[in-house]
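Before anything else, here is the set of structures, which you'll find just below.
Across the two complexes that follow, subunit A remains constant while its partner is subunit B and subsequently subunit C.
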Partner chain A sequence: MVAAYKALFNLVLGFFLVLSLEGVGRKITARVQRRIGPPWYQNFIDVFKALSKHPFSNGWVFDFGVLMALGGAMATAMIVPMGSTTWTPFPNSDNFFVIMYLFAVGALGMAMGMVGSGNPWASIGVSRALTQMLGYELPYLIVISSTIFYYKTASIHKLVELQKNGWNLLVMPLGGIIAFISLMGMLGKKPFDISTAPAEIASGPMTELSGKYLGLLHIMHVFAMFVEVSLFVDVFLGGGNLGWYLVKFIVVWVLAVLISSVLPRFRIEQMLKFYWGVPLGLAFLNALFVLLGWTL
Partner chain B sequence: MAMSTLLVSLVATSVVMYFISKASWKIGAILNFLIGIFLISYVFALSTGTTSELGTLFGQKLQLIWTNASYYFSLVSLLVIVSVMLFAIKWLDSQKYPAAFNMFLLMMTAGSLGVFMAADLITLYIFWEIAVLSSMLIVPMGKKESRKAAVVYAVMSASGTYMYLYGAFLAFQRYGTLNISEIAKHMVSDPSTGIKATIFLLLASAGIAKSGIFPLHTWLRIAHGNAPDAFSAVLSGQLVKLGSYVLMVSVAALPSLKIFSNIPFYSGIPATNYFLIALGATSIIIGTLMAIKQDDMKMLIAFSSVANGGYILIGIGTMDPIGFEGGVLHVFNHALAAAVIFMAFASVVYRTHTKKISELGGLIHKMPITFLAYLFAIISLAGIPPMSGFISKWMIYQALVRKGMFITAFIAFFGSIGSFLYVFRPLAGVFLGQLPKKYKDVKEVSPIMWLPMVILVTISLIIGIWPFPILKPIEGMRMDFGIAPTMKIADSSHWLIKGFAGNWNPVLVFNLFLIGFVIAYILYTLFPRPKKVDLLAPHKKEGAPINIYTGGEFIYNPDLYQYNTKFYAGFERMYEKHPSWEKLLEMLAKFFYDLGEWVHGWFFRPSPSAYTFWVTLTILIVFWVRW
Partner chain C sequence: MGEVKLFFGPNHPGMNGNFSVHMYVEGDIVKKARPLPGFLHRGFEKLMERRYWYSNIALIPRICVPEPDINEACYAMGVEKIAKLDVPERAQWIRMIVLELTRIANHLMAVGGIGGPIGLYTAPQWGTADRDRILDIFEALTGARVYHMYIVIGGVRKNMTPKIEDMIWKTLDYIESRLPDYENLIFKNRILHSRLKGRLILTREQALEMGVTGVGLRATGVEYDVRKVDPYLFYDKVDFEIPTATEGDAFSRVYLKFKEIPQSIRIIRQALERMPQSDKVNVPVSKGSALRRIVPEGMAYVHIESTRGEYGFFVVSDGKNKPYRVAVRGASYPQGLYGIEKYLPGTRIEDVPIWLATMDVCAPEIDR
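And then the complex of A and B:
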């Protein structure tokens, strides 16, 4: 029963934390670009307004896809540990690969629902998103594999415990940097916002969304970002109590926002060439260091 | 009934089946299905360790034995075959030769069961040929191109089989026996690594050819793509698994870790196994990259079979307890997923008469059940929970990371993410999007055709939530082969699957997904009801524009507003000019053809009698010198 409360807490915290951080991010970007920007709670207003409006539905697979997306993202958010064993809802199942692939259920649901809307712009957006996945996942997975090989466990809360004597970021700094670059792609921040690209493909997958569909998928996106950043914090930035975890979470988020606010957008093949160039090479180098025992 | 009686009577029945089907193919197909059901019950009833004797050939006893491996592989095969048999009861009415189809399908079933039961290399070979030849005769029943496909299939298969046969004879010459378990004993004590490695690779090459591993993978595209549509499900779901079985025999039944313990290559894996793993990894790359750019949906999944064959080979090749189980479980997962996908495609072709993704679209409005079956099958094929496909991929990753095989792991990850890309293409291009005008009167296929797909998908889902029934024979198999017998991977009392690096609970993961879905549904119902957008409006009324966002333009022809040609153009462009193995083989074929032309032109055409004389003389000299 405790596990269920913890899982629920994950959802509540994830929702409020990431939605406010999104607002903060908008504010930061605005200030970097010398604008005033919206208030930090703007995204709450956006979501609730979207939810309250009368929407249009493009058929049952559209509805089903949205539900599958939100359901998958919530399921993943419920498993993710938050910086310590105390805040691990399901210590028996928080395996890295389980989280990674459960996460894909939500992504697949969203892709299916949006292509099901019948709009080709959505298809193009999904095609770009999947290609982008091919880009950022590979260096990321290599880095995580070497981490798992080094610590001999894929269980996230155990990884957190094993970093008591030093953060993984300091053990394998190369890996940490690569994972952060991949995180930027996962979050869909500039320069990696190719799949939505409002000016090119009419917001891609979101083209046909209206009212509550837009709101629900925004919530799904919130949980997805919660999972992605949490995984990075857990795997590379060690443990601590919930407060520390929140601080690290916010720092990582702000860093990502700062970088993205000054960069333009990649084209799709530029993105692939970027990820499969230096980051992938360095990820292998990192794996080699781990194999040879050359860690700090 | 003894196993030998069963096999012989099955082959005999298949001939009878031809004449029954000649009278009425429908009765033949139903009888086939009933025989399939009987075979499943027979497989369940048989206890491991049962032996049987088929007869004697040149002083060699042909023996059969029922092991955990036979049970597992027979069950997987029969699940696929019986579903296709059920599917065929209706689907055959679109075919030209239903009687021959029924006969060869049953004969192929007998052959496959014989392969899994065989206790020695020659029995295995005999049944192997029965299965291959009968399936080869089904392939050309498809379209015009399928004649050539059958030839390619036969040649590729034969090149593997003859190497296998040579390996079997080599083993017989050296050890004086053909029995697999005895050869295993002899090989462990044999000091000569060269001979052992030769036997190993020769035996494995039959598996390499059959399961579509590089460099013998080219027939998969041609044969799977051009075979009769429902039979592609058997080809990819079942026949390819014969190859995986032979690979398992040559890697695990002949304990390669012990046999080749003197040539370790990396992380305790012998060089011979590593060679196979490298081939498997190459297949994953080729299969994934080629699948992404196919426009023919059947060829797309054929290339995905190449990639998945690579996963199976990598898993088994590591001989790591969890990797081995992952590889063997992947046989089950891929068999079910590929069978459902090909049956779904067969349904689509049955209704629309095309297999080009670029000509299709929006079929979800017309064939929702086929769509759902395909959807769940690709979730399994892409290895996403809660379907069973995830479990085997998880196990293979565990093994690769544990062994520190980062490059192979990288390729496995690439294949996995790449599979998201290629399975999504038919989903988006065939089932979703805009329905072309010419298909506005297409209907869902009959229940006899969608029922087998639904059954297989349900099994895959149940195994994904509760995998322990299928993990039990796999663990038994692992004990039989002596791969870390003390380790326990499936812990059904705690609902856990244990890896070297952490556990997970499939029931919990499924429930979490369910809870997430329920919460999402509650949220969904809380907010205002949507108005429906009619995507079929242009089909219902002539001159009605499309109802969705079109940038302010009026579009009246839905065919124009569908994105399904070159779906991943941005990515495909990056490897347009790739070197092609198939082209290389074609060049080789052309070289031999030209050589033949040269001989023909210079020797045969001027004087056929002189030509015959010289050929006879050459053969005599070869015979005399005894090369």
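And then the complex of A and C:
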């Protein structure tokens, strides 16, 4: 029963935290762009307004895809530990691979639903998003594998506990930087927002979304971002309690937003070349250092 | 994957203006592209034949929304050429200042606007905000922000007060101080280089064959600028340079626009210094109201340099109180219609909005 409450707390906190941080991010971007920007709660208004609208469906594949995306993202968000053993809903199943596996369900659900909408822009967007996954996951998984090898566990809450005396980021700074670059790709921040580029492919997967579907996918996106940033914070900036976890979460988020606000986006093949170039090479180098025991 | 038809229309965020391109793509590569204008057809040229010479001034700025003053200047200069009117010297200087201010405003929007297609959203926000300061000047000078209807037949509508001159000096200083920021944000960005350099190349032969003017031609090394080739107003009396490049790619086209901003600032400063003080800024109509003005029989072609290239008006009068025919040479006509059909195939989907932005495809010019 306790686990269920904790999982629910995960969802509630994830929803409110990320939606407000999205608003804060919009505010920060606005300041970089020399304007005032919307209030920090603007994204709550957006989501609730979208949910109050009449939906327009594009067939059952579309409906099912949207629900599968939301379900997959919510299931993953329930499992992710929040910075300490106390706030781990399922201590026996918060294995990194379980999380990545569940996370793919959400992504594939979105891909299925959006292709089901039948719009060519959406199909191009989905193919770009899946290509991008291929790009960032390779260096990311190599870095995570070296972390798992170093700490001899794949359980996230154990990883967090083992970092009590020093962050993993300080143990393998190279790996941390690469994981952050991959995180930018996961979050769809610039220069990696290729799959949703408005000027090129009319916002890609989002083209045919309206009303409730748009709201639901926004919530899915919120949970996905919660999982992605949480994983980075847990694996590289572990230790501390829930309060410190929130601080780290906000710092990582703001950093991503700031970098994003001054960069243009890559072309899709440039993105792949970028990820499979220097970051992948450095990830291998990082893995070699860990294997040889040359860590800080 | 077979060929897919994509509609790149006015509701697409990457399109600038009411214009559309039908694309046939295979994967990400454009196989065939067909421009389809007509969303904005209001028949300007025909409408002008039904209005008085003077009342056309209110219609012509609509032909180009971001840069309305070139239309007024072209039209007024054409009518003056037929009627052999002597425009007061101060009015000519003021016209030059207005034209150059519009050029800066339009270049700021274009330089920032390249951020739209490539995702650098800080640039358009900065560009639009700084352009607004120039619109403030226009508001003080003419009473309107976008469609000024300020340059009229025989001069300008109102005199420029010392207060506005002061405002222009200050705004120029401000814009000059902002230019390094733009350079750092936009033109030193390596991702932007990788997206624009060497892409969408238009060679000199292709540009000359199509009749592309403006930055599209200057980026291929041809120093063609109507202000130098066939000086109008007092452009032969001021010092300025025409920046050129040799690459002919998308980057050089945007960068040339950026490099033109300091030159325009230079021109305006010289004009403000050398402008004579006088109250006479237009030629009063000798008989009756301005609406009844009769222009003697004749015809004239007047061309001026807009931000998109050579912009021309061919004005024909049959000696009545309405024009017999007014034809407009839209500067973005060649690259907007022929260029898209001929040179977009073979590029990628991502390049299409870049072509539209760097070539300044302006739909109302095509649909006039």
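Descriptive notes on the structure:
The rule is simple: the second predicted complex is superposed on the first by the 296 of 296 C-alpha atoms of A that agree within 3 Å, B and C clash if a C-alpha of one lies under 4 Å from a C-alpha of the other, contacts with A are read in each partner's own complex, and residues count from 1 in each chain.
Keep this in mind: a contact is a pair of C-beta atoms (placed from the backbone, for glycine too) under 8 Å apart; a residue touches a chain by one contact, two chains touch by 3 or more.
Bear in mind the structure is a predicted one, so any value in this text is a computation, not a measurement.
Greater residue coverage of subunit A by touch, when subunit B is weighed against subunit C, goes to B.
Looking at the shared chain after the overlay, A:Met74 reaches subunit B, while subunit C stays out of its contact range.
Using the contact criterion defined above for the overlaid structures, shared-chain residue A:Ala199 touches subunit C, although it does not reach subunit B. In the superposed model, A:Ser20 makes contact with neither subunit B nor subunit C. Once the two complexes are laid over each other on the shared chain, residue contacts for A:Gln33 go to subunit C alone; subunit B is not touched. In the superposed model, A:Ile268 makes contact with both subunit B and subunit C. Within the superposed three-chain model, A:Pro120 lies in touch with subunit B and with subunit C [touch as defined at top]. When both complexes are aligned on chain A by C-alpha atoms, subunit A residues 120-121, 124, 202, 267-268 touch subunit B in the first and subunit C in the second.
Put simply, subunit A touches subunit C in their complex at residues 29, 32-35, 120-121, 124, 190-191, 193, 197-203, 261-268, 270.
Of all residues in subunit B, only 362, 364-365, 368, 371, 375, 379, 382-386, 390, 393-394, 397-398, 400-402, 404, 406-407, 409-410, 413-414, 417-418, 420-421, 424, 427-428, 432-434, 496, 499-505, 508-509, 512-521, 523-524, 527-533, 535, 546, 548-549, 551, 561-564, 567-568, 570-571, 573-574 touch subunit A in the complex they form. If you check the complex, the residues on subunit C that touch subunit A are 4-6, 12-14, 28, 115-122, 125-126, 129, 185, 189, 191-192, 194-195, 348-350, 352-353.
Contact residues of subunit A toward subunit B in the complex are 7, 11, 51-61, 63, 66-68, 70-75, 78-79, 90, 92-98, 101-102, 104-105, 108, 111-112, 115-121, 123-124, 126-128, 130-131, 133-134, 137-138, 141-142, 145-146, 148-149, 152-155, 158, 202, 207-208, 211-213, 215-216, 219, 267-269, 272-273, 284, 287, 291.
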